[in-house]
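Comments concern the structure below.
Labels for the chains are A, B and C, by order of writing; each one numbers its residues from 1.
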Amino acid sequence: MNDDLLTVTDLTAGYGHTKVLRGISLRVGAAEAIGLLGPNGHGKTTLLRCVSNLHRATSGSVAYAGSDTRGRSPRDLVRRGLIHVPQGSRLFPQLTVAEALRLSAASSGHLATWRDGLDHVFTVFPRLKERRGQLTGTLSGGERQMVSLGMGLMARPTLLILDEPTLGLSPKVKHELSECILRIRAEVSSIILVDGDMELVLSLTDRYHVVLHGDIVHSGASDATVGRDAMMSLFLGGSADERR
Amino acid sequence: MGNLRAWAGWPAYAIVLAVLPLVLTDPHTRLLLILITMYGMLALGWNLTLGFAGIFNFAQIGFFGIGAYTAGILATRTGIDPWLTLPISGVSAVLASLVAFLPVLRLRGIYVGLATYVFSQLCIYLVLGQAGLTGGSNGIVGIPRLTLGETSLRADGRIGYYFLGAALLFATTLLVRLITRSTLGLSLLAIRDNEALATSRGVSRVRQHLIVFMIGAAVAGVAGAFNTFLNGVVSTDVFGFGYLTLLLSMIFLGGSGSVYGPIAGAVVVTLVTDALQDAGAWRDVTVALLILVVLWIAPKGLAGLAGLLPRPSRRPATAEENA
Amino acid sequence: MNGVSAILTSALVLGGLYLLMAAGLTLIWSTLRVFNFGHGALLMFGAYLSWTLLDRAGLPLLPALIGGVLALALLGVAYEFLLVSPFIRRPNGDMLVMVATLAATMLLQSAALLLWGPEIKQLPPLGSARIELGGSVVQGTQLVTIVLAPVLVGLLALALRRTGIGLTVRALEQNREHAQLLGISPRRVYLFVVTIAIGLAAVAGVLLGSMRFISPAMGDDPLLRAFVVLAFGGAGSLGGTIAGAYAIGLLEAVTTYYFGLSWSPVLVFLAMIVIMLARPEGLLRNQVRSA
């Protein structure tokens, strides 16, 4: 347990009087990919925002690489390899693709080797090479996601957090992007993946958790076929319940 | 509304205002009391827009000056009864507020602050440019005193001015209290806290803001006229930075979020600045630091600090009731 | 024809001064989303600091001026720590910053009175170069202003475009949250931006202190004009600010020439009100954006 890369213990958080997380605990080992499943609005994004210190938790603790992250700035965490690729970012509309990628290398302390990083990103996302001089505000949704992931890679992640990378994409683009994520999976130490596409999450991760009403209600190994049906009903039951 | 306990404080307030000058008879203390009533009135009127409605209104000092000049010009150049200039000054400030409100139609937040600040400064240029009427940089001197029958309000340590100021302060306090409890007040809170929701429920931002803007301007205009008769002179100082920062310090020291806080702010700041009267520029240094310290350590001001004042926590509650 | 060249010279000088002020305010506005009402008082302090280094410490002209600008930029660090960052994340933070910077203006003006006394001071002309421009002679500080202001702001624009820190500033303007997730620290960027902006104000102070006089209230007028520039050019775009500064400079030069000194500000401010009503986002915003 001690060599876990990330340990979340009894985390609660909310906005104003609304409680979103109700004592979540989870861990991510070194060289492990975990998936978070569950309907929207049940706290997955809030959990990730707490992990990267963008949102302050009410109680509980987060430890990354053996030390508590309380009071550390997001910048500090980035420099230690905790990279969060946020959901549906509109990026930096007035920066070009190349500028955005360089920015990420610079702000994570890898400016000296940013050209190597750029070459690497371009092998993972060949499309971005063609678009390198284009303003990110003029890209398609799929291309924007690629830039977002590419910026994540430029920061040389140890733990890469991907929040809904395929949200709102067409099946074709989604497929292209999941191929890229598969390649990233092979080279990044640890990953937390949140996505609405259950099959995608299960195929890319080692373990999964189902988050409902701000807590983990079910966990399992992603490759086990047993339990998937049970999880499905939990998931669907949860969302049906949510719709009221 | 209407329940007895809620109104029990008002006779007490009136009695305190009436008895104070009988206890404090020293002429200098009297003058301080008069200044407190005027500043209290100004701070309350300004806080209607600045704190309560959340409009970045920095034209208030312009309305004050316009009221002051209206009274000065009318009282020296026409044969009009000086008493009549008080309400007329209020009206002229309201007319000016219609001009100052134009930017509020289309702008939001800090841009309103910019435009209204410029409006106040523009008043100075207009006054200087119309030297034939306003006396330019010399100002207007020799303004007749207000009298009641044969008695000047200056008589007996300016006691007449005190009672006039106290009556105006009392009326302003009552006005503010009525507005904050009215549907107008509630809709202003709703707009301030969630404009999209409020407008979707049929509240017109422009209309409600215009009303409160005009009411605030009327208060400032009358206070300006009062200031003119109290001093007997008017100069462009009335538009100046001195009044602006002094009033801001009163509002924020008292608590811009509270209804009566600005009165407490007016009392404290008037006494502090008087104590430092001979300190020259140190006085301004102190007032500036006072504002900053309040903003740093007690952003809700005196009202928020101790919960001493009647309803410091009333505003969030009302906002919720209203939502 | 002498009138035309006099107007043009005056427009370039005024435009340059307003540009130095407005560029800083724009930079602060676009990254921090607040207006610095103390910018005029900082200009004044920069002029006094340079005067002190020159007249009291006996430094030569150029080191004194540069020293004054650097000293003020250092003051800018304290300014950011005390007046901006404590409030900026609070609810209603923009109003708190506005009030705090107004209080700072009062503080700096009375501090200047205490430190340097009421008698008016002046910096010597900066340089003796002179050129003839269509019949009228431009020399000394005016000439320096005409050249230095666009050069400095041009360098700033270039730095924002080309350097790493410039990239960081632009990223924070465009998407604060994602910028933080990339490891950009808003605090560092704010500090950088405020320091640069206040440095530019100090340069304007030195120029103004040499062309006119140094007094505690010397920054009030330039600050108001800079506000007009922001309304004109659209706060938040440096290109719009450059165009706006020279447009206002020209407007002021023309109206002063034909209507006199006391009517010019009234006309300039009326122009501002009209623009704010017609195009709240700034008159020049879109053209500049698409260029």
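Keep this in mind: contacts are C-beta pairs under 8 Å (C-beta built on N, C-alpha and C of every residue); 3 or more make two chains touch, one makes a residue touch a chain.
Computed from a predicted model, the values in this text were never measured in an experiment.
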Best-connected chain pair, where connection means C-beta pairs in contact: B-C
Furthest chain, CA centroid comparison against chain A: B
Whole-Å gap between the CA centroids of chain A and chain C: 43
Distance from chain C to chain B - Cα centre to Cα centre, in angstrom: 32
Length of the line joining the C-alpha centres of chain A and chain B, rounded to whole Å: 54
Residues of chain A defined as touching chain C within the complex: 52, 54, 73-75, 77-79, 83-86, 89-95, 99-100, 102-104, 106-109, 111, 151, 155
Residue numbers on chain C that touch chain A, as the complex places them: 164, 167-168, 170-171, 174-175, 177-185
Touching residues (chain side chain C, partner chain B) in the complex: 34-35, 37, 82-83, 86-87, 90, 92, 94-96, 98-100, 102-107, 109-111, 113-114, 220, 224, 227-228, 230-231, 235, 262-263, 265-266, 269, 272-273, 276-277, 280
Complex contact set, residues of chain B against chain C: 50, 54, 56, 102-103, 105-107, 109-111, 113-115, 117-119, 121-122, 125-126, 128-129, 241, 244-245, 248-249, 252, 280-285, 287-289, 291-292, 295-296, 299
